[in-house]
Amino acid sequence: MTRVGVIDWLTGIADRGRELLDFPVSPGGDRERTLLDLCHDLASRSGEATGTALAREVAAQWHALPAEERPAFFRALLDAFSVDRNALDAAIARWRDAPDEAALTALHQAAEPARQDLLRRINMAPDGTRAVVDMRLALLGLLKSHPDLAPLDEDLRHLLSSWFNRGFLELRRIDWRTSASVLEKLIRYEAVHEIDGWDDLRRRLAADRRCFAFFHPALRDEPLIFVEIALVKGLAASVQALLEPGEDPSAPKTADTAIFYSISNCQEGLRGISLGNFLIKQVVEELRREMPTLKTFSTLSPIPGFVGWLRSRRKGPEAEKAKALLAVLDQPGWQEDAALAESIREPMTRLCAAYLTHGRRGKAPLDPTARFHLGNGATLERVNWMGDTSAKGLRQSGGMMVNYLYRLSDIERNHEALMAEGKVAASRAVLSLAGKA
Amino acid sequence: MTRVGVIDWLTGIADRGRELLDFPVSPGGDRERTLLDLCHDLASRSGEATGTALAREVAAQWHALPAEERPAFFRALLDAFSVDRNALDAAIARWRDAPDEAALTALHQAAEPARQDLLRRINMAPDGTRAVVDMRLALLGLLKSHPDLAPLDEDLRHLLSSWFNRGFLELRRIDWRTSASVLEKLIRYEAVHEIDGWDDLRRRLAADRRCFAFFHPALRDEPLIFVEIALVKGLAASVQALLEPGEDPSAPKTADTAIFYSISNCQEGLRGISLGNFLIKQVVEELRREMPTLKTFSTLSPIPGFVGWLRSRRKGPEAEKAKALLAVLDQPGWQEDAALAESIREPMTRLCAAYLTHGRRGKAPLDPTARFHLGNGATLERVNWMGDTSAKGLRQSGGMMVNYLYRLSDIERNHEALMAEGKVAASRAVLSLAGKA
Amino acid sequence: MTRVGVIDWLTGIADRGRELLDFPVSPGGDRERTLLDLCHDLASRSGEATGTALAREVAAQWHALPAEERPAFFRALLDAFSVDRNALDAAIARWRDAPDEAALTALHQAAEPARQDLLRRINMAPDGTRAVVDMRLALLGLLKSHPDLAPLDEDLRHLLSSWFNRGFLELRRIDWRTSASVLEKLIRYEAVHEIDGWDDLRRRLAADRRCFAFFHPALRDEPLIFVEIALVKGLAASVQALLEPGEDPSAPKTADTAIFYSISNCQEGLRGISLGNFLIKQVVEELRREMPTLKTFSTLSPIPGFVGWLRSRRKGPEAEKAKALLAVLDQPGWQEDAALAESIREPMTRLCAAYLTHGRRGKAPLDPTARFHLGNGATLERVNWMGDTSAKGLRQSGGMMVNYLYRLSDIERNHEALMAEGKVAASRAVLSLAGKA
Amino acid sequence: MTRVGVIDWLTGIADRGRELLDFPVSPGGDRERTLLDLCHDLASRSGEATGTALAREVAAQWHALPAEERPAFFRALLDAFSVDRNALDAAIARWRDAPDEAALTALHQAAEPARQDLLRRINMAPDGTRAVVDMRLALLGLLKSHPDLAPLDEDLRHLLSSWFNRGFLELRRIDWRTSASVLEKLIRYEAVHEIDGWDDLRRRLAADRRCFAFFHPALRDEPLIFVEIALVKGLAASVQALLEPGEDPSAPKTADTAIFYSISNCQEGLRGISLGNFLIKQVVEELRREMPTLKTFSTLSPIPGFVGWLRSRRKGPEAEKAKALLAVLDQPGWQEDAALAESIREPMTRLCAAYLTHGRRGKAPLDPTARFHLGNGATLERVNWMGDTSAKGLRQSGGMMVNYLYRLSDIERNHEALMAEGKVAASRAVLSLAGKA
């Protein structure tokens, strides 16, 4: 018989909780115990014996905590569940004395705040993972007004990043046979092109569409991130065309192109944990397996920073040009005036190409969507004039959309070139447009 | 710090991966890349772009690595994937300068060896968790001869402990309808009372028995730990009686006692990660829910250290007594000679009770099984003479077994008394026996 | 007589398929074969060899058959797939000669039309059951204009009744986690109290509601019949109150009454096949198992025939009374005029009680809903004034609803009394009301 | 609201039970009711009201009925649940008067014994299908000694044949991940090449093997029929070679031939209901889908009637030849004497080919296995000397095996030729061998 649980205890590792005994531990009686008391108990050695019962109570109390009391609770977590400073100083001294890997291990352990272990114990509760993700969600909303809580966010991000490792995620196809409790979340979380109720959703799950999401086993029925795909012939240029009714039931057999036209995160509490990159690449593999006729995998994406960037150029060397374009863009309904629209088509597409290929923040592309897809190793393939004539599309992207191509053979090279040299991978057509801007 | 994907990068957090560029990165060409080269690639920024492809290759190469090359590989992991010493020194300086939580976060991050992130990336592969658990299994086998690898084991234990957090485990009932590929693992891993083939297994899964196991979503069909239970009337005293054929189909309706007669770990690679404590307590809850007639939850356990301890007493104040008892125990077949057996019954049970209640290593019980159950908060209820007359039972436990009672209301108090005062929770009967030893 | 496959043939039983050889069998070549040709092939011995391929083609052709060609196709099935008259005459002669069970078996087989076997062979196709149910649906729509097709309907009903035997049905709970493709069918098929979109549906699946449906393994995602239930305290009197928003999450623990407020058939092609009776009774068992606090199981039902019956009484002994009541009921908005409504309350509830307890067609209750629930053995418990103030409720039931109580201990006796003596089981209150009508 | 259940009753169809009222119906009191009483109740109108409760009791009583009382029970079913003779005579008269389809329907219904409806009602019980299949199993064992029960068997066969229609069966792959409760049934029911325990079973489920079974939704965990397949290169000639250990993990990618080396029925109670033909053909489709490299689908089959046929020829024109061969076959161990074996190889294989191609019972092949596969439309491809050197193989087949080829394009033609002209489809090699016999 292997006696797990005991070994930790014997070796003293599981006893790290002992240092926490300095914190006031509630007597465990009948009285209403506060959330923080419960946290102390859970972190202490009693937490070992009660199994998940204490963790369950902590999670329940957390869910019941009034929003206005959260900052104080987070503040207390930060202060009361830090490190044993003497132990840390000793570990530092040991490392300085003999900086070997054993000393490093000891230092790393001594430098881990006790709240990380507390969070791991909260996670043991049924639905504990939900509680931890919720805590981070709440904390993120407070960071601006309480910047001192940032170290706690770092603890949460560190843990969640390890727990939501891609190896633990499950890719699932979403279709009309999926549970309504999952589908309603797509409606709620779609962030790029709003889903207008169940009929619109159904159209996006028809035979010529695909939808995939990542799930985590501990968050049942909660999609983490999902992507919507249209199966079409040739590179799609307009998102409105994709969202129209009119299913093509033959698409799975005849389509040559998969257009990723929307990718949305569902869990704000997982902000900063990379999921989209993995999702796109695995979905490309899934689609290739299912439909060998597919040859091209591309996005149809907004350029969300373009018009803002254009506005910022009203002061500067090309101010007049920017002002002239903005004068048109600021006329309501300009896009329906064919002549007017045509008059700015060339300068707009050229500037857009230039913005995407040359705009930089450090080595990284300036446009956030470009940063994501180019950073993933995609290629900027085409600028589509009048690709998104929705209010949002006109306001942010000047009505344009672009295609980022995911060519698996180029991904590593593109990524490397961007990271090392800040070089954007773009088609000749885009580069030529950009050159004329 | 995990830095998968681009989103982090977008937000401007510095790319820790860069420091790894000092290690030689293979050109990514066609040539046979070694496992270590692949690890460097995976840890570097290229690893971000290729998604899980590189991780998959690392896992595959690991599985193909000849056993004799493992020590060198582990050694290299330890040396080549350590920390940036300058960064760590700077973080230490900052902490000493102003020991606030932000400085602590920076110090903790700087002290994390790069190999932890590498292992997280390997985990991204399909079956990557399997590979990491396998690595630890292999490493554990090497620690004795390569004690310098201990820090790497600490990294693995730290990660696996976080990943196999109880909140991520799934409790499943095992019965005859379970997949053969799971059942064969019970036969393989049963460590207390060997399962003698499929017929024996089937008896242990009959209507008057229960079996539960923990599973992890990333290790399909792999039980982590399982427990076998007999539904009986009254406290069982003999394990041979429990293993006999002769199912009682009415037990689920008439039994008042659940006897946990075997608990076995299946994954040596998870050594030191606490599972058994949680398993027992959740199974108690499950059984109570299913069968409200159950009133008593108890183990029937060996005393694996008893005879060894007795032998150690051949030198010492009570040497003659110990020698006399061992003289009987060392006669083959003594247990079948009723008079002979009876002659040692009293002194044996008294000594056993004394060994279990007074034997100590520090505050912890000396006997490993006692350490586990008493540490979980159970109560030592009864000593059973002739409880296990198998060769192993006679050799280790002098043929005796004990019952540890899991009374949920006492668990926290028992655990606390043991941890704080080293006080063993035992029934009056056992204490009285011990007093007469 | 089914004669699929070869094993029968081996055992020497004569091949009844042979007689079908008189029908023209297509040569099996490339030419476009008509549906009827395919049916002949499928019924013939070729059908045995091709496995399900021919059946699949028949099903596909059926689905493609233009609606206007269906009567001719059904007519042909009736004529071309009848019996071998000589064989039937011989079987009759044998029976008359010696009316033993063997002769009866032979007669029964000889009297089975060949189309029954044909339908069984169509059922072999993937989705063949769907095709057979569809055929009946189409046929039912034609019976009025083509009464000569009734014998074919009888064949279909006979087969479907055997195939949709309660022993083959699966009871499933429907909730918000159920597949959208199932849920949309609830919206479509709800026949009693229309479901107004997904939000309304969601309310009916909340924690204080239950929904169950029967499914058949061969019709995936197709509910056959479903029932909607409200968990409440005390007997519900108004359906509008039940349909309002405002979930009571504690209901599963506190409710003492389950109100079956809607039961709807989904498959018109299964008309005349008894499902509702079984559904209600099994759901009562399920609910009792899940929530032991439930004491009362009752419907809240319309009286769909009441106003029609009242109108029919405008001629007859009580004509004036009926006319007076109808004069009120025919005033739009009468139910909102409290005094006006109150003025007819007493006579209306009395007449309703009388209609339900005394109204007869033969021994059976006159009102169709009463026929169903009283025939199931339920007890007429209470008449609820203003129980359903929807347009339909006012029009059919004069705004009233009734509760039929399912008391398991009374069901057999109630049923027997109704069947043998035409005696309606009703509460004293209802009987007293009826006595005053 | 559709009111199913009611409609039958209204139209009088469901009231057919009334005629049964002549049989004594138990008062439903507390006394121990006999199985036959229960059957009468269930068939009567009370059966309608009690839902499945009565059916459940009938099924339970049936399972408890001592074997020696079964003949009397069956006899009573036959006698007491027959037809209403007056009604049948009236239906016959009507048919003779005007033999239209409506009269036929009435005649067919009047000729249906009441026991068929009784059996349908028994089927409504939980596990009712199991009870009906069990009844047939028991009945089949009595038919020889009680030939008068044959009509009851015909009723059961008729119902089961309709219920176990291929459209209701589910094909499932069986592998090592399958439930042990299913796998143990393979060990029990394998009828061709005995499975020698779990290790042998595991080998038959390895990566280079396939196993498929039909299941019926009402018989959970009960395979109805299963087939075992080896994935190999080229046509397999020896079954011993296939059963040896030594898995070829690459087979799914490299094999060009699927050898169906065993097909076994599991449910004797379904005797005479065609399943094997459908199973083989659907499995061929499944394998082609999964492994496009497979080109040949063939059996490796015994010739179970061959040696018996040879013995029968000891009297007749070729008596000397037969006697000479049998003289060798009757020497124990002849097959290990290479020279002796070689001496009979040619005449044996020639005679075997002749037996299979020319041996007839009517138009059907004489050999039962040949009857099955040739009747399915397969082609007799090859005779394999020393194909099965097991004791059973030597005794029945003279140690030979044959390959029947399932070439989908030929199946319909082969079947037709056999049925119409009694022509066996065989390869040139086999025909040439047969010609020399």
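Points worth noting:
For clarity, chains are labelled A, B, C and D in written order, and residue numbers in each chain start from 1.
The rule is short, and it goes like this: a contact is a pair of C-beta atoms (placed from the backbone, for glycine too) under 8 Å apart; a residue touches a chain by one contact, two chains touch by 3 or more.
Being a predicted model, the structure only gives us computed values, none of them experimental.
Of the pairs listed in A-B, B-D or C-D, the one whose interface repeats that of A-C, with over half of its contact pairs matching by residue number, is B-D. Ranking all chains by how far their C-alpha centres lie from the centre of subunit B, first place goes to C.
One inter-chain figure worth recording: subunit B and subunit D are separated by 50 Å, centre to centre, where each centre is the mean of the chain's CA atoms. Centre-to-centre spacing of subunit A and subunit B amounts to 35 Å, using the average Cα coordinate of each chain.
Centre to centre, using the average C-alpha position, subunit B and subunit C are separated by 57 Å. Annotation for subunit C: no residues touch 2 or more other chains. By the document's touch criterion, interfaces exist between A-B, A-C, B-D, C-D. The touching residues of subunit D, when paired with subunit B in their complex, are 176-181, 183, 197-198, 202, 221. Residues of subunit B that touch subunit A in their complex: 1-2, 4-12, 28, 45-46, 48-52, 55, 78, 82-83, 85, 88, 92, 95-96, 99, 101-102, 104-105, 107-109, 111-113, 120, 123-126, 128-129, 148, 150-152, 154-155, 159, 162-163, 165-168, 170, 191-192, 217-218, 225, 262-265, 268, 270-278, 281-282, 302, 304, 361, 364, 368-369, 371-372, 375-377, 411-412, 414-416, 419.
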